[in-house]
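Before I ask anything, here is the structure I am working with.
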Amino acid sequence: MATAEVSNKKTLKVQRFKPSDNPSNTYLTDEKGVWAWMTTVDHKKIGIMYLVAVAIFFAVGGALALLLRTELMTPAKTFIEADTYNQLFTLHGAIMVFFVLVPSIPAALGNFIMPMQLGAKDVAFPKLNLASFYIYVAGAIFTFIALAQHGLDTGWTFYTPYSTESSSSVIWVTMGVFILGFSSILTGTNFITTIHKMRAPGITWGKLPLNVWALYATSIIQVLATPVLAITVLLLTMERWLGFGIFDPALGGDPVLFQHFFWFYSHPAVYIMIVPGFGIISEVISTFSKKTVFGYWAIALSSLAIAFIGFLVWGHHMFTSGQSAVATTVFSFLTFLVGIPTGIKIFNWIATLYKGSIKMDTPMIYVFIFLFLFSIGGFTGIMLGALSVDIHLHDTYYVVAHFHYVMMGGTLIALLAGLHFWWPKMTGKLYNEKLAKIASVFIFVGFNVTFLPQFVMGAQGMPRRYYNYVDQFTAFHQTSTIGSYLLGVGFLIILYYLMHSLFKGAKSPANPWGSRGLEWQATSPPDFHNFDHTPVVIHGPYDYHQPMEEFQLGLAVDTNGHDSETAKEVVDKEREQWKNYSLG
Amino acid sequence: MILSEDKTMSEHNHHEHHVSSVGQLWAIGIALTLLTILTVGLSHVEIPAPFDVVVALTVAFVKAFLVCAFFMNLYWDTKFNSMLLIGAFAFFILMVAVTLLDTLYRNDVVPSF
Amino acid sequence: MDRLFEFMLPEAKSPTADSTDALFHFINEVSLVLLIGITFALIYFAIKYRRRSEDDETPVITHNNTLEITWSVVPLLICFVIFGWGYTGWLNLKSVPDNAYEIQVNGFKWGWNVKYANGAQTLNEIHVPEGRPVKIVLQSSDVLHSFFVPDYRVKHDVVPGRYTYVWFEAEEAGESIVFCTEYCGTGHSDMLAKVIVHTEEDFQTWLEKNGGGVSGTPVEQGEQLVQLQGCTTCHSDDGTRLIGPSFKGLWESEETLSDGSTVTVDENYLRESILNPGAKIVESYDNVMTPYEGRISDEEITNIIEYLKTLK
Amino acid sequence: MSNHSQAHPAHLQHHFVDSDQQFDAAKMGMWVFIVNEILFFGGLFCAYIVFRAWYPDLFTMAATKLDTTMGAINTVVLIGSSLSVAMAIRAAQLNKTKWIKINLLITITLACVFLVIKYFEYSHKMHDGIFPGATLYTYEGIDHPLAHVFFSIYYVMTGIHAIHIIVGIGLMIWIYIRAKRNEFGSEYYTPVEMVGLYWHLVDVIWIFLFPLLYLIE
């Protein structure tokens, strides 16, 4: 029994709680059955549902990518028609951006982990959290209706006037994206409030895990940028339906204005996708080097800096679009500024490794892959920010390669790192480490074989979104296609061993990596309410020089006044109370 | 063992919620109505080009301030909520300003600064 | 290393490309140095500081302000250099010399219609003189396109309802490929053209030979027009099915429309289908053709119809 | 963190420590939502500003077709409804359930008046052939090739605002039903306050829409 003075006025009675290695009651054993899952307001279950949905969409998007790459084996038609090809790349882009990358880390992993890192029982608005998920599903249904009708062939960017003239089902998809936007907005709103109001005793802003900082920055972008996307697709829908004349030049509108509206969301959106990835990297790198993160504040604040500057650079997608010269100049200048906080992060992570105790387990391998690939993505981003060079490279495969290095080599690899890192926490099972390492080799090699040649052919002039291409690019395209198959194999291996671990994997201890993170001080898988007790935090999440015991403190007397009860009784009691809960 | 910590657990402090008086609320309501009449009246006065918009928007901002500060209780609320409102507005201005940087200067072949 | 970077770019054929290429190489070199540094640090640390036992103690190194400032300021300075370099190169791409030879290029789905000052017209071929600045004035008849010549490092979107331009100076006689780089539908990847560079003398001869545009009997004029207007991109003259119905045997044939009704192909149907193609779509085809309303004269339509009549 | 020994009040959700935390969280969440509403309308205002800067004549000409009197009456109606919502919150804070209900009814009535006036404005314009979008627009009284663009912007801005009013009426009815069940009092009135904040926001947006659309000389 100990006491911690948590506020200026109050002294809390604190007691050490060791996570039990044999939990009688977890969130998985509680509330079983399909209906219980579908109506749950538990952030962990909602996180898992997002994860499954994202994985399904990723499989669809990935299959589309393989079809595209296969078509590009030969310069002319290989096996599908031009119109089909156009629909496939549009869907690949739209699905990967809106249904995979945007919700992947915040809504799936963030939902599961973030409240636990705060020592909270749930997010601030659990019902809203469930609502976000169903709004996401509704958005997906609209998109699938579009597929069943005439598909979509505008590219995921919906540029007018092509999108106002196209004979495909643009309106279904824009309405789908409109709905999906609200899912993202509500998640962001929920997270911001949660981070402000739901922190356990002792978690000051300076003790917030960097993953939470990253999610905080992400949520700010979601709340500020996504509404503009909503209004953009709404105006586009109206343009198509009623001929509003705002974006369609034939009716007096301005297609470049549409691009402004679109990129005002879609550029910050790339930070919605990548910044949560930064959070995961910080967590993993510190755990596997058993060392305090180097430059905590530099990493935390650079996320916010990226979130802010990220709003001011959207015009770098429009250097050749016919926007004014002064706008082009300003956007180019600001684009370089956003590169700096990103660079700061990379250097701080590398400095964290210095004199660490580095263990190359699978999550750490993915962090290394991330640092390598994302650096390339960043450098080529600087290349594309330089005005004269961008004029040559814009809308070529160089850009395709660049954003795949950032989005896939960055976000998706970070997602894989996070998934492998928190998999034992989420499922309570260990995966096959050897297979995981083999898969990571496939992913790394496959990725580079796929996308490195694209830099070269892009610089040589190969435009993007091309169904046919001139013969000189054949060798590059074929190499790229072979690489994509390797990538596919890598993902299949991952799917196999993760599924295998789910059903036949060894049981995981509460804290297999020896992390100091608060989420690891709960059982694996966690209790229904995350912690049996309200945690009290006295050390930062990366204080590896402090003994583990001091990370396992909780209120000796529970705030709810049932300290003598077992976890099961608490759950039962609270479920009873739920029946009387009102909306609010 | 005694462990000390200098900050509070999170930002929720115990505080009394502000209760506005009837007179206060009516005063704001009447002020808003008078300002509406004022702005309609001013719209009939000939004011040279950019300033008519400036005047109309100034009145609108005063009205919006009254609603936000006293109806929405921002005046008594935590400063963070006011910051959210101002932040949102700042980002809106940013969006408009940078978009205008394009739409107003399309005719310049090279930047004229 | 230089060979590798040079391999990445096509051979530069316009003086405006030099600054672009130099900057491209510079960024590549700086990036490569940094990337090697990062990779080396990663691998070195991973080996040197590998975990020896689970009880390893690590030092508490929280931050170092000197380092933070160094790795913020140095990249920032490099970025300023890159910005300035890119900006000046780009200003050069925007500032057209006064003596530039002007050519009008009209992008449409899917091709480039090229018009010269003396009335000469070509499709998907841009004939230019060597050693003289050329200004390409771009306009679009339908959706966004983008005019890209990799050899000259120039690119600009072609925006409907506006004029945009690019300029270059071809250094020697030869050919360069033109791509459309803004996605524009089914035929996007076939929307290619060629810049054909002549010596000054050859260019003048070429201009004279082709000056005045289409000529000959109405049928001959019609035949040239369907080429120049890009009709043949989507409509074959030998019965092959392309994006639109073939011209062969079209005249006076009976066509089923997408709404199930039938129509006989006569002068009025053809005229309507040129000016407002969306009005009556032949079954199993998509409504993708650009309306030619305002872009073609009545006489030209008549000539085209006369030509179509001959394709039995 | 007070009340260690007390059981939860009925309104307190399980994951909050106490009522204060729940109230503050709800309020902050609402403000974050307002941030996103501001940027949602911000997109429309941005389109408005861009087009007004491009075609000032169009806006001067087309605005004459809008009925300033009706717009002004609607402004006052919304101000009145904001006042009554503020009164409803006050009543809740002071445990006067009867006055919560009366004030909510006044607000709902005023919101309906707003919509009725809006309906007359719309139908009057549509009667003249002024529809949103070039497809339906047939009015020829405004001598400007882009007249339809102004009305597209007008309809979409006021239309989305009207949808917010309708949503607000729904929320108000919901609050009214709960007030009738005596759920609110000085201890717990979070939903009343949240709906109030929403309603004031709708008012603030109209405060800007009115001069920008109706009062262009």
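Read from first to last, the chains carry the letters A, B, C and D; within each, the first residue is number 1.
Everything below uses one rule, namely that a residue touches a chain if its C-beta (ideal position, glycine included) is under 8 Å from a C-beta of that chain, and two chains touch if they have at least 3 such contacts.
Computed from a predicted model, the values in this text were never measured in an experiment.
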| query | Hey, which pair has more contacts between C-betas, B-C or A-C? | reply | A-C
| field | Distance from chain D to chain C - Cα centre to Cα centre, in angstrom | value | 47
| field | Chain centre separation (chain A, chain C; CA means) in Å | value | 35
| query | In angstrom, rounded to a whole number, how far apart do the mean CA points of chain B and chain D lie? | reply | 16
| query | What are the residue numbers in chain B that touch two or more other chains? | reply | 9-12, 80, 88, 91, 95, 99, 103-104, 109-110
| task | List, in ascending order, every residue of chain D touching at least 2 other chains. | result | 1, 21, 24-25, 28, 32, 35-36, 39, 42-43, 46, 50
| query | Which parts of chain A, given as residue numbers and ranges, touch two or more other chains? | reply | 196-198, 201, 224, 228, 254, 256-257, 264, 322, 325, 328-329
| query | Hey, which chains are touching each other here? | reply | A-B, A-C, A-D, B-C, B-D
| request: Under the touch definition given earlier, write down the residues of chain A that touch chain D in their complex. | output: 10, 120-126, 128, 185, 188-190, 192-194, 196-198, 201, 223-228, 230-232, 234-235, 238-239, 241-246, 251-254, 257, 261, 264, 529, 534, 557, 559-561, 574, 577-578, 580-584
| query | Considering the complex alone, what residue numbers of chain B touch chain D? | reply | 9-15, 17, 19-20, 22, 25-26, 28-29, 32-33, 36-37, 39-40, 43-44, 46-47, 52, 56-57, 59-60, 63-64, 67-68, 71-72, 77-78, 80-81, 84-85, 87-89, 91-92, 95-96, 99-100, 103-104
| query | Which of the residues in chain A come into contact with chain C in the complex? | reply | 82-83, 86, 153-155, 159, 161-162, 165-167, 249-250, 255-256, 289-292, 294-298, 320-322, 325, 328-329, 332-333, 336-337, 339-340, 343-344, 346-348, 350-351, 353-360, 368, 371-372, 375-376, 379-380, 382-383, 385-392, 394-396, 455-456, 459-461, 463-470, 514, 544-545
| said: Which stretch or stretches of chain C touch chain B in the complex? | reply: 91, 94-95
| field | Touching residues (chain side chain D, partner chain B) in the complex | value | 1-2, 20-21, 23-25, 27-28, 31-32, 34-36, 38-39, 42-43, 45-46, 49-50, 53-54, 68, 72, 75-76, 79-80, 82-83, 85-87, 90, 93-94, 196-197, 200-201, 203-204, 207-208, 210-212, 215, 217
